[in-house]
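Letters A, B and C mark the chains in the order given here, with residues in each chain numbered from 1 onward.
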Amino acid sequence: MSQTDPLTRAVEAALFAAEAPMTAEALSAHLGGADVRLALRDLAAHYVGRGVELVERGQRWHFQTAPDLAHLLRRTREEVRRLSRAATEVLAIVAYHEPVSRAEIESIRGVQTSSGTLDVLMEAGWVRVAGRREVPGRPVIYATTPEFLTHFGLASRKDLPGLDELRAAGLLDPVEDAVSAALDLGGDVPRLDRDAADEREYPPPALESEDESA
Amino acid sequence: MTEVASPLLPLETEDWNGPAAARTDDSALYLELDGWEGPLDLLLDLARRQKVDLRAISILDLVDQYLNYIDQAEALRLELAADYLVMAAWLTYLKSALLLPRDEQEDPSPEELALRLQLRLQRLAAMREAAARLFARDRLGRDTFVRGAPEGLRVDRKNMWQCDWFALVQAYAQVKARTVPVVHMVRDRLVMTLDSALARVSAMLGVALDWMELRDFLPAQAEPRLRRSALASSFVAALELARLGKAELRQDAAFGPLHVRGRKP
Amino acid sequence: MSQTDPLTRAVEAALFAAEAPMTAEALSAHLGGADVRLALRDLAAHYVGRGVELVERGQRWHFQTAPDLAHLLRRTREEVRRLSRAATEVLAIVAYHEPVSRAEIESIRGVQTSSGTLDVLMEAGWVRVAGRREVPGRPVIYATTPEFLTHFGLASRKDLPGLDELRAAGLLDPVEDAVSAALDLGGDVPRLDRDAADEREYPPPALESEDESA
């Protein structure tokens, strides 16, 4: 590389290490009174077209990343995350009952719903605020978005299966019925010998998870 | 560079890294002792004053200088840390051993002990010099500087939420199923009471001669829930009969089949 | 100015903007998986002789001011941390012997090491716990960190001053090894005559800068 003038090197190093932009006067004072103006021009010219540039703003000089590379300083990393059970339930309730307020969601779910859950659904772009209900307190009401339909492959909300279809698919069977059905099927009598362990066990009902934070 | 003088030897300037004090009088001793990090450090200091390669020092001279130093400290009634005195005792022993005729020397030989001391001094000296060279390098934050105001690189995380149609529908169905009002009904069940089990087992034991498995006492054609009740009641009945001395129970292994036999009075 | 390759510009901008040294891998990940090694070499060559230089320390890269400009920059900076003599020695022992246990450090120094000494070095970020030695008692062993290399301007541990000479002279081996080696050779025992102080001049140790002596 070409020989660089000592004063230019000093100006380069001083501006690089400086914690704030510096005026030519401050630089000069720092470098023993030398006239730094020429060095500043040389430096600015040297950095043209590089990843970093020397710029003057309000008579103060500083290095900065070339503007066209600013996007390099901020990168976005996408992380695939599965919707929590609680958030899925809330999304389903919004989809089936929209527009719906948070109080209504809670009354349908039978459990409290943290605001974080709705935030997640809005971040995902599937739920939006659809105004306020004109009742005392004017609660915010929520509805699904076109992105929701796209993501779940639905032409419209009418494509969601109705209660009758859910019942026919066995998805609405209460837990009690399912247990007795299993008992009726299981003809094995528990014995007092070691084979008793093979008695049919009904899968325990799924645990109610209230993992709203996800 | 640090001006260094010995408290015991004539004033001299050296380029080793000992405790700094331009004093020659004995009153400096106390401060000097604070400056050494233990007896090995003091020995290294003394060895350096011989102005030769550490491989060529005279161990006997070194021992004399160290003992002389300790004597003076004691004459001034300075409190010496125990490890300085331990080293003094060891050096006294080493000196006397070295002065013995060779054929009277013990094992390990005093030469080996002296070598050991010399090797330790060399190693300490090497590390001290290495430390000095390390700290004399161009150091970041003192001689070289990183950028004063870096913009910083940021990585923003963006969540891509995943959920499929079935999970959605299933979740709704479960909410519905969970919150449907539930009516609990207890069905009328066929049971075998303890009394009837007692009568039944007693009667069967009366006709059986040998061990019988408890299972064989159960009604053969009963529906499952009655069989379960009968098994429990018959088991309790068998225990009760055994308590009354009317039956014997046998089980060959834990969880194995339970056998019952009538006991003739 | 000459046209600069886009990747080189990107690497230059990213390293200028970075708040800490970066490995080639981290840089590559940040720049979308590009192979940055050639760009790093080009950049390092470009900055040779300038007021700022690109250096590699423990496989991590960063820009820093040229060392010969220290006198111009130092006065505005607060003093770097002062270490006790004990701490500087312990640091040297860890660096030249790593990984090393506290007992090994003490056997070299001939004194107990107060627990604060290693703590200071770990707090400075120069020394870390590097596991345990699989011998009775399983003592903790210590080693230096990438920050140590960065601070002392070492590309790697191989650059430790005098490392090769110390190794060749056996001065990094335990005393026991040296004793048995000497006894096997049957020779080099210390002189007992008082007037042997003649021959070789011991090389004076490197200068210790004023502000380091505790």
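Keep in mind that, in the parts below, a residue touches a chain if its C-beta (ideal position, glycine included) is under 8 Å from a C-beta of that chain, and two chains touch if they have at least 3 such contacts.
Bear in mind the structure is a predicted one, so any value in this text is a computation, not a measurement.
Asker: Counting C-beta pairs in contact, which chain pair has more, A-B or B-C?
Answerer: It is B-C, judged by the count of C-beta pairs in contact.
Asker: Compute the centre of every chain as the mean of its C-alpha atoms, then state which one is farthest from the centre of subunit B.
Answerer: A
Asker: Name the chain with the Cα centroid closest to the overall protein Cα centroid.
Answerer: Central chain is B.
Asker: Taking the mean of the CA coordinates per chain, how far is subunit A from subunit B in Å?
Answerer: Averaging C-alpha atoms per chain gives centres 40 Å apart.
Asker: On a C-alpha centroid basis, what's the spacing between subunit B and subunit C, in Å?
Answerer: Their C-alpha centroids are separated by 29 Å.
Asker: Quick check on subunit C: which residues sit in contact with 2+ other chains?
Answerer: Residues 14, 16-17, 30, 63, 65-66, 73 of subunit C each touch two or more of the other chains.
Asker: Provide the list of subunit B residues touching at least two other chains, using ranges where the numbers run on.
Answerer: In subunit B, residues 145-147, 151-153, 155 touch at least two other chains, as defined above.
Asker: Please give the residue numbers of subunit C that touch subunit B in the complex, ascending.
Answerer: 14, 16-19, 30, 62-67, 70, 73-74, 77, 79-80, 83, 85-86, 88-89, 91-93, 95-96, 108-111, 150-154, 160-162, 166, 169, 171-172, 175, 178-179, 182-183, 188-202, 204-210, 212-213
Asker: Once bound in the complex, which stretches of subunit C touch subunit A?
Answerer: Subunit C residues touching subunit A: 1-4, 8-14, 16-17, 30-31, 45-52, 63, 65-66, 69, 72-73, 76.
Asker: Using the touch definition from the top, list the residues of subunit B that touch subunit C in their complex.
Answerer: Contact set of subunit B toward subunit C: 1-2, 15-17, 20, 37-41, 48, 50-61, 83, 98, 111-112, 114-116, 118-120, 122-147, 150-153, 155.
Asker: Any idea which subunit B residues touch subunit A in the complex?
Answerer: 145-149, 151-165, 167-180, 182, 184, 214-215, 224, 227-228, 231, 235, 255-258
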